[in-house]
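You will see chain A twice below: alongside chain B first, and alongside chain C after that.
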Partner chain A sequence: MQNEPVRVLLADDDEDDRLFFKEAFDEIKIKTSVNLVNNGVELMKYLTQKSTQLPHILFLDLNMPLKSGMDCLLEIKNIEHLKNIPVAIYSTSASEEDIEETFVQGANIYIKKPSDFRTLRKVLEEVITINWQYHTSGLIRENFLLSI
Partner chain B sequence: MQTACKIILQQQLDKLKLDYSIPGFNEVEINEPITSNRLIQMNTFLNNYGIEILDAPKSVLIQKIKDAIIEMVYTEKKLPIFKISTYLAEKVDHSYGYISALFSEVTYTSIENFIIIQKIERAKQLIIMDDLTITEIGWELNYSSVAHFCTQFKNITGLTPTTFHRIINKRRNAAMNGSKQNTKSDVGLK
Partner chain C sequence: MNLRTIIRSSYILKSIFVISVFILIFISGVSYKHSTALSESPELLNKSYNIQIQLEKLLSNVKDAETGQRGFIITGDSAFLHPYYSAHASVQRSFIVLKHLTADHQKQQANLDSLVHLINLRFNYLDISLKTASVLPVNKDQLEKNMYRGENIMNKIRFQIDIMNELETGYFKDHQEKYSHELYFTPIITFIILFFSLVIFIVSFIKINNDLFVLKKSNEELLIKTESIKHAEVIGEFCITLWDMDSNSISYSDNLYRLLGCEPQSFEPTIENFLQFVHPDDRNIVKTGAEKAIQESKTYARFYRIIRKDGELRYFRSIGKFISDDNNKSKTHIGIIKDITQMHLINIKLEEKNRELEQSISELESFNRVASHDLQEPLRKIQTFISRISEKESLTMSEAGMEYFEKILTSVNQMRTLIDDLLLFSRTYKAEKVFETTDLNLLLENALQELSQEIEEKNAAFTTVQLPVINVIPFQILQLFTNLISNSLKYCKPGIAPVIRIDCEIVMPNGYPALEMNNQTRYYKISITDNGLGFEQKYAESIFLLFHRLHNKTEYPGSGIGLSICKKIVENHNGFITAEGKPDIGSVFTFFLPE
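Moving on, here comes the complex of A and B:
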């Protein structure tokens, strides 16, 4: 039995980070199809296009020029057909207030950016796995909070 | 009986000119994409012999396992003390080795982990309902101690039960204030 690939969308202005993410997803055992956008403006343009097939999960860098991850999150939560997309925020900041604030604003997952590739792969695998359970097992999306 | 069944299957599937194999009793693999029309045709042919097609039996089995786990976690009474593996194997009528391998393959997580996820989900609902203390919830879900419960909650969510509760409350208040922008924002806070 073949599952459909998990559609992943990533918004990050740092080219190296985008590359690391893509590589990490290539190495995890769950099949994913990864789309990349370079900043918040591009992200919102992409998400609001009619032809876009919405992702199963969105990874959002908090610190981006032009439009920050937080701005994108607030916008997404106010758009009817986008507000149910699970959002994973990732950031170098690990302050409790930052984490709590993004959760309160509707993020589901908060990832402290790991410094090495192996940890990144492990973290992403865990996130995709648990997100998949929410997607397929009728768990309550509103109660989906994960800090990792 | 099994041989007879197999021969009938072969005859009927040959009639449909499908590329198939019969890996075991009760199982046929079609090695090419099949249209729903041909599937209906196949069903009609096989029904004449009292053979029924169960579409994607693996996903049916996975659903049965999930249902059994959810029933177990949400049952009003205490969770069963006896071995969960025996319970599940009997419930779905397959060996535990088979169902646990199949489950991991299809759902990307193990049965053991799925049970923990479901227990933590139930815990979240109980926390939000606000009727029980954290200690009572741990007890309700059969944890040996409140510390064990909190540790497992933190392992799965990255948050303590108390932090989780606080965030959900804040989120609700924020949503409430957002929808009543014209009223004073501090009323109705708990």
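Moving on, here comes the complex of A and C:
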């Protein structure tokens, strides 16, 4: 993993958000390969392709047309070879219901999209440096919502 | 007076009747005894007289025999012997009569026996004298001797008869005395009894008369009540059914027929006949209801439709109760059937309105949520782009440009606060009210933690007391503490470090009109006092209104929603919040939470 870039996948329907996401990773020192998909349907299609190399971490927007992030999360957790991918919820809102539901359905972390680019960079950097193997085993509700 | 008194008085009347019967029987017994005593008296007199006569007769017979014998002895003519011979038979007859008459007196019988003996002896001497005189020559000495002896016995006979006469007179006298004694008491006893009976009769009469009066009055009342029930049935559109479970007979009040659109009592009151009017789809409800009622001895409210005789559809509700007499023997079912059509139609309308209302509320909520959410998205992007530009292009931009950029950023930030608060406010409204037993001390600590940056900046000092552990919606109370304390921090006097005090005490709802409405006995009164800017007391109510602000936006940024949220949260907990302020001295925010 030292030499190999961290494979990051983002599913978000908003073009600007995808842009910020990509730019933020470009400015991070850690070597990453960022993949972007435009909605839930595309995401599931991408993940279930045989040729796809699975991401190390998946960033999932909740509010997407056709197939919402919640639907994707449910599907992923029900597919044997996908259910171990760490999922970071990446959403504009941080309503109690959304946080509660995604936590119950097995998401690993909840990120409220920051309104400041510097913060965004910091958040994303922190998320990809988390040792997920360790983090997943001790998932606690209190730490679920990432606060910077 | 009521029926129970009459029933009790009927018992009294019954006992009076029994007592009277006994008294009458007693009176009859006494009278009978007295009348027998009265009728015995002359009989007894007659008897005594008879005995005396017979005794005289006996004596005269003996004398006759003696006279005859003497005549014969002197003259020698046997014609003188006739009375002598007949005397024997007469004496015997008298004896038999006397024996019979004195049968109930032993002493007199003994006397009679000795009299018989004496008379027989006398006759014996007479015989001997007669024999002596008829043998010639007459032995004069012997004759004289016999005659003297005879005379002697004759004297004894007289004496004996005198004794018997006296005894008889004595008996009669005794009896007479006893009789007159009894006669003396008879009228007194009779009078007492008569008086007593009269009293009883008068008492009974008064009692019966009274009861009759009460009965008449009760009857009148009953009549009025029956009439008023009939009218009530018509006015209230209900009717009463009675179902005697023993005889399985049913009676329907007139109004049932009217409710069904029929003439009163125009068909036989049976369940089958009633079912004819029930909507075919609902017949089972009525039928099984009746069966279930019999099985369980309990009636449940039932709703069903009725098709009246004229074809009009009505909605009925019936309910009933089993009642049994004191001995729990005979059972009757009283049923009330009510025409609830009007109410039902209103209810349906109300339900429709309610549904519409609920729908519009939920639409409004989702609108609120979507609007807030979707508004945030572009704002966030504007903010990100601004941060991007100010980071990358700061060197190439003019000073004025940078200043404008700062102003854009301030406006955008304000907009975000507004949207965030609106979202929060709508959430407190919608509020999934999950109450949990929570330690308020922990919530306060968390609130202070959240505000730690500001507290540090302003160098604020806190004094707190021990807070209770109560049943609340935790995140809402946390919000409440956060909002109130952040308010105190925000509106502090420039240059003076805020001093904030949190107090708590238990109070009764008396004296707080807003609390008296709830059925809660005790409240926690928690107050947050600061030394900040305060406010005019006239604004104490209006500061809780949505978007209401007392200060300039540029001086004190805010949305004007925070205190509205506080008010809503406290109301969600069935509590109540007030504010008190003095300009330049400080303000006190007090909220009450039920224990």
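Here is the rule we go by: the second predicted complex is superposed on the first by the 128 of 148 C-alpha atoms of A that agree within 3 Å, B and C clash if a C-alpha of one lies under 4 Å from a C-alpha of the other, contacts with A are read in each partner's own complex, and residues count from 1 in each chain.
What we mean here is this: a residue touches a chain if its C-beta (ideal position, glycine included) is under 8 Å from a C-beta of that chain, and two chains touch if they have at least 3 such contacts.
Just so you know, these numbers come straight off a predicted model, no measurement behind them.
S.K.: Give one of first, second, both or neither to describe whether A:E27 is in contact with chain B, with chain C, with both, or with none.
M.R.: In the superposition, A:E27 touches no partner, neither chain B nor chain C.
S.K.: Between chain B (first) and chain C (second), which, if any, makes contact with A:N143: first, second, both or neither?
M.R.: first
S.K.: Based on the superposed arrangement, let me know which partner A:I130 touches: chain B (first), chain C (second), both, or neither?
M.R.: Once the two structures are laid over each other on A, A:I130 reaches chain B alone.
S.K.: Quick check on the superposed pair: does A:F117 touch chain B, chain C, both, or neither? Answer first, second, both or neither.
M.R.: A:F117 sits against chain C, while chain B stays out of touch.
S.K.: Which holds for A:D14: it touches chain B only (first), chain C only (second), both, or neither?
M.R.: Touch partner of A:D14: chain C, not chain B.
S.K.: Is it chain B or chain C that touches the larger share of residues in chain A?
M.R.: Tallying touched residues of chain A, the top partner is B.
S.K.: Residue numbers of chain A touching chain C in their complex, please.
M.R.: Touch list, chain A to chain C: 14, 16-17, 20, 63, 92-93, 95-96, 113-118, 120.
S.K.: Quick one: in the complex, what on chain C touches chain A?
M.R.: 369, 373, 376-377, 379-381, 383-384, 387-388, 391, 416, 423, 427, 475
S.K.: Which residues of chain A touch chain B once you look at their complex with the stated criterion?
M.R.: Against chain B, chain A makes touches at 1, 3, 29-30, 100, 103-106, 110, 128-130, 132-133, 136-137, 139-140, 142-143, 145-148.
S.K.: Within the complex, which stretch of chain B touches chain A?
M.R.: Where chain B meets chain A, its residues are 56, 58-59, 66, 105-109, 114, 117, 121, 124-125, 128, 156-159, 163-164, 166-168, 170-171, 174.
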